[in-house]
Every structure is written in structure tokens, then in C-alpha cells.
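Note that the chains take the letters A, B and C in the order they are written out, and that residue 1 is the start of every chain.
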Amino acid sequence: RSGKMAKSTQLIDNEVFRAYATYTAIVLLKMMLMSLVTAYFRITRKAFVNPEDTASFGKGDSAKKYLRTDPDVERVRRGHLNDLENIVPFVGVGLLYALSGPDLSTALLHFRIFAGARILHTFAYLIPLPQPSRGLSWAVGYTVTISMAYKVLKTVLLL
Amino acid sequence: RSGKMAKSTQLIDNEVFRAYATYTAIVLLKMMLMSLVTAYFRITRKAFVNPEDTASFGKGDSAKKYLRTDPDVERVRRGHLNDLENIVPFVGVGLLYALSGPDLSTALLHFRIFAGARILHTFAYLIPLPQPSRGLSWAVGYTVTISMAYKVLKTVLLL
Amino acid sequence: RSGKMAKSTQLIDNEVFRAYATYTAIVLLKMMLMSLVTAYFRITRKAFVNPEDTASFGKGDSAKKYLRTDPDVERVRRGHLNDLENIVPFVGVGLLYALSGPDLSTALLHFRIFAGARILHTFAYLIPLPQPSRGLSWAVGYTVTISMAYKVLKTVLLL
């Protein structure tokens, strides 16, 4: 048992893998934060989508008026979906990249730029900042993931 | 070759990793089930979104009337998206957590509570149960993932 | 340090894992491509969702008319969401499957069919091809993931 435990701990002792684990936890926590921001705007804007969520506002028409869309809520939701579309590939490709034996400094460069770009993207989306802030921060994160995927395919290709 | 195979099999022999694999397979299968529930409601409610999906109902206006949204279909789809938003972080963070060397009993506690909460969340969303059923089951799953992320960052932090 | 590096490299030297890494990179890149297709249709159809994205078209009503939905844009977005719903389970279950010690030929069969089915699904959605092209390609990918999940649960089950 302790032998097995040691085995699985060795992966987490690898510095590149530790860096991957750190930045993956950070970007996934950032993505999860979008749920709280959505809930905050739904409650403060009183804009809900499920009838059972407005029951505490009374019955009938008095509650029904809170079943509506709100521009701020929809904006956060678009940011959340954009996170899913971009952070999922980072987590999947990043794991393979971390296992493909990159230099620690190169790996850290990829992970730091991706995390920074996605945090900027969220601010650009939610404030919102004028374009091309959001577009550029999206493109930077996208390019990092493409770069990691290229390294993975170059290292492991087995079709 | 057999040596390599044995190496990769050792990870799956680790009990914490086996528990992670079991619960990850379960919650991903539960999420996939949402596709079938959506298809079921689309067909029984005759509510489609793509014109090519209604071609078997005839041409022109007779088919066009089935291109519509249905409250039950939209409800399932919201449940599916909520699964993506919450199960993706669990799968990603949970993998790192499983590799960070937690006690088997602590790990099982996390995995079991998360899976139970997400199954409850689905019933609360689809029946639907009165609030705060859905809100609480969401919060429980969310908290489990935060707890695992905290353990991961405490163990591996390399920024 | 080099000992650790060697350890983590051994996983990527395993042939089944290399095949998993190859096909996971391919399907994630395919999914990422949907973002570019969405951007292409948003720009060519002039159909945007965020006011800040239309600022370059001028101010007031002249820009506001580009805040609209377009059937082609919405179609790509549905294809993208369908990718998330199906490729996320493949990446998660596929990793566990690759670690569960399948034969290389069986694993390659699963990965190749899944990747082929999802590429067909994208063409069927975007062209669009008449049904049941899209439905069948979806079902084939879905079945592959179920088959891998069954193997994972049979190998590792620890509840």
C-alpha cells in the first residue's frame, strides 16, 4: 500500500506536473467563480429562469415578473461558457503537455500566460473593457493551448 | 513493453485513484444521460431546433411548427449545462487531488458526497423539487470541489 | 530531478497512452476550431451579441442593428456546445480507460471511431447533411464513450 502511494505521489513530485496542477486548479477555480457571479446578478437584478426560484417572491403574477432575462446575467453566462470552451482544452491538452517532458521554464511560461490571459478575459468581459481587450486576451489563451497541442502531437503521435 | 504496461497499470492499482476513476466514470455517465433525456423530450414534445430534424414531419409549414422551444426541453438543457459547469471542475481538480496523496477514507468522502449531490441536483432540477433543494445540492457539490482544490494547492503550489 | 522526469515520461512512452494523447489532442483541437468558425460567421454575417463588439461600426442605431442572432452563427454554437457535451466525457473517461490496461488495438479502435464520428458530426451539423447523418454520428461517438466507461468500471470499481 505505501509502495503504491509513493508511486502515485511521484507524479505530483515532478515539478512540471506541480506547475500544471497549480495553474489548472487556479483556472478551474476562476471558472467556478462565474457561477457565484451569475447567482449574485440573478439575485440583485431579480432575473430568474426557473419558476421554482421565484416562489419566495409570492405566487402568480407578482413572482412571474422575475422570470426574465437581464443583460448583466446574460453577459456573465456568456463569459462562463467561453471559459468552458477554452479552459476545457487547456486542462486536457495541458495534462498531456505536462507529461510530454517539456522544460520547467517553458511549461511555466505557457501556464502563466494562459492563466493571466483568461483572468484578463474575464475582466474584459464583465466590466466590459472596449475591444480588442476581450478578443486579444481570448486569442492569447487560445494560442498557448495550440502551442501545447503542437508539442504533444510532435512528441507522442500514434494514429 | 510489458514493463511499461505494468508502470501505467500501477496508477490504476492505487486505491485512491481507483475511487477517483469510479466516481468520475459515474458522474460523466450521469452527465451523458442528459443528452438522452433531451432527445426524449424533443421527440415526445415535438420541439426541435434544426430544420433538418423536422424533415420527417413533412415539408413547409407542417414541419416548421415543430421548430420551437419547449419548457421541459429547456429545463433539461439547463441541467445539462449546469453539469458541464460543475462536473468539469470536479474531474480536473479531482484528478490532481487523487494524485496529491489524500487518505482513502477522506477521498472517498469527497467523491461520494459530490456524486450524491449531483444526482440529487438532477432530480431537483428535472422533477422539479421546490427550492432550496436544487440550490443546496449545487452548493454541496461546489464545496466539495473547492475543498479538493484547496488540498491540491496546499500540496503542490508552484507558481 | 532527472529520475523524476524519467518517471513522468514513462507514462507518455506507453503506447496506449500515446494513442490516447494523440486522439485527445485531435478532438480538442477540432472543438477549438468551432470558436474560429463562430468568429468567421459573426464577422461575415455581422451578427454580434456584445455592444462593445459593434463599436467599430459606428455609434447608436447604425451599430445597434448588428446586435442580432444569425441562423448560421447559432448553428455553429450548437455544434460547439454538442462538442463540449460529448468530448468532455471522452477526454475524462478515455484517460481512465487508457490507464486501465486495454489492448493497444482495442484502444486504437475506440479512439479512431470516436474521432471519426465527431469529425463527421461537425460536417453533418455545419453543411448541414440530412438526418440521420448527425444523429448517427452523435450516437456512434456516444457509444464509444459508454464502451470505455464500462471497461473502466469493470476494471477499477471502488465505491
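A few points about this structure:
One rule holds in what follows: a contact is a pair of C-beta atoms (placed from the backbone, for glycine too) under 8 Å apart; a residue touches a chain by one contact, two chains touch by 3 or more.
These are the chains along with the protein names UniProt gives them: A, B, C = Microsomal glutathione S-transferase 1.
Predicted model, so just to flag it, every value in this text is computed and none were measured.
Note: Cα superposition of chain B onto chain C, rotation of 120 degrees, nearest 5. For the pair chain A and chain B, the fraction of shared interface numbers is less than half, so the two copies use mostly different residues to meet. Averaging C-alpha coordinates per chain places the centre of chain A 16 Å away from that of chain B.
Residue positions 11, 15, 17, 81, 84, 88, 95 of chain A are each in touch with at least two other chains. Contacts from chain A toward chain C in the complex involve residues 10-11, 13-17, 75, 78, 81, 84-86, 88-89, 92-93, 95-96, 98-101, 128-131, 134, 138, 142, 145-146, 149, 152-153, 155-159. Chain B meets chain C in the complex at residues 1, 4-5, 7-9, 11-12, 15, 17-19, 21-22, 24-26, 28-29, 31-32, 34-35, 49-50, 52-53, 55-56, 80-81, 84, 87-88, 91, 95, 112.
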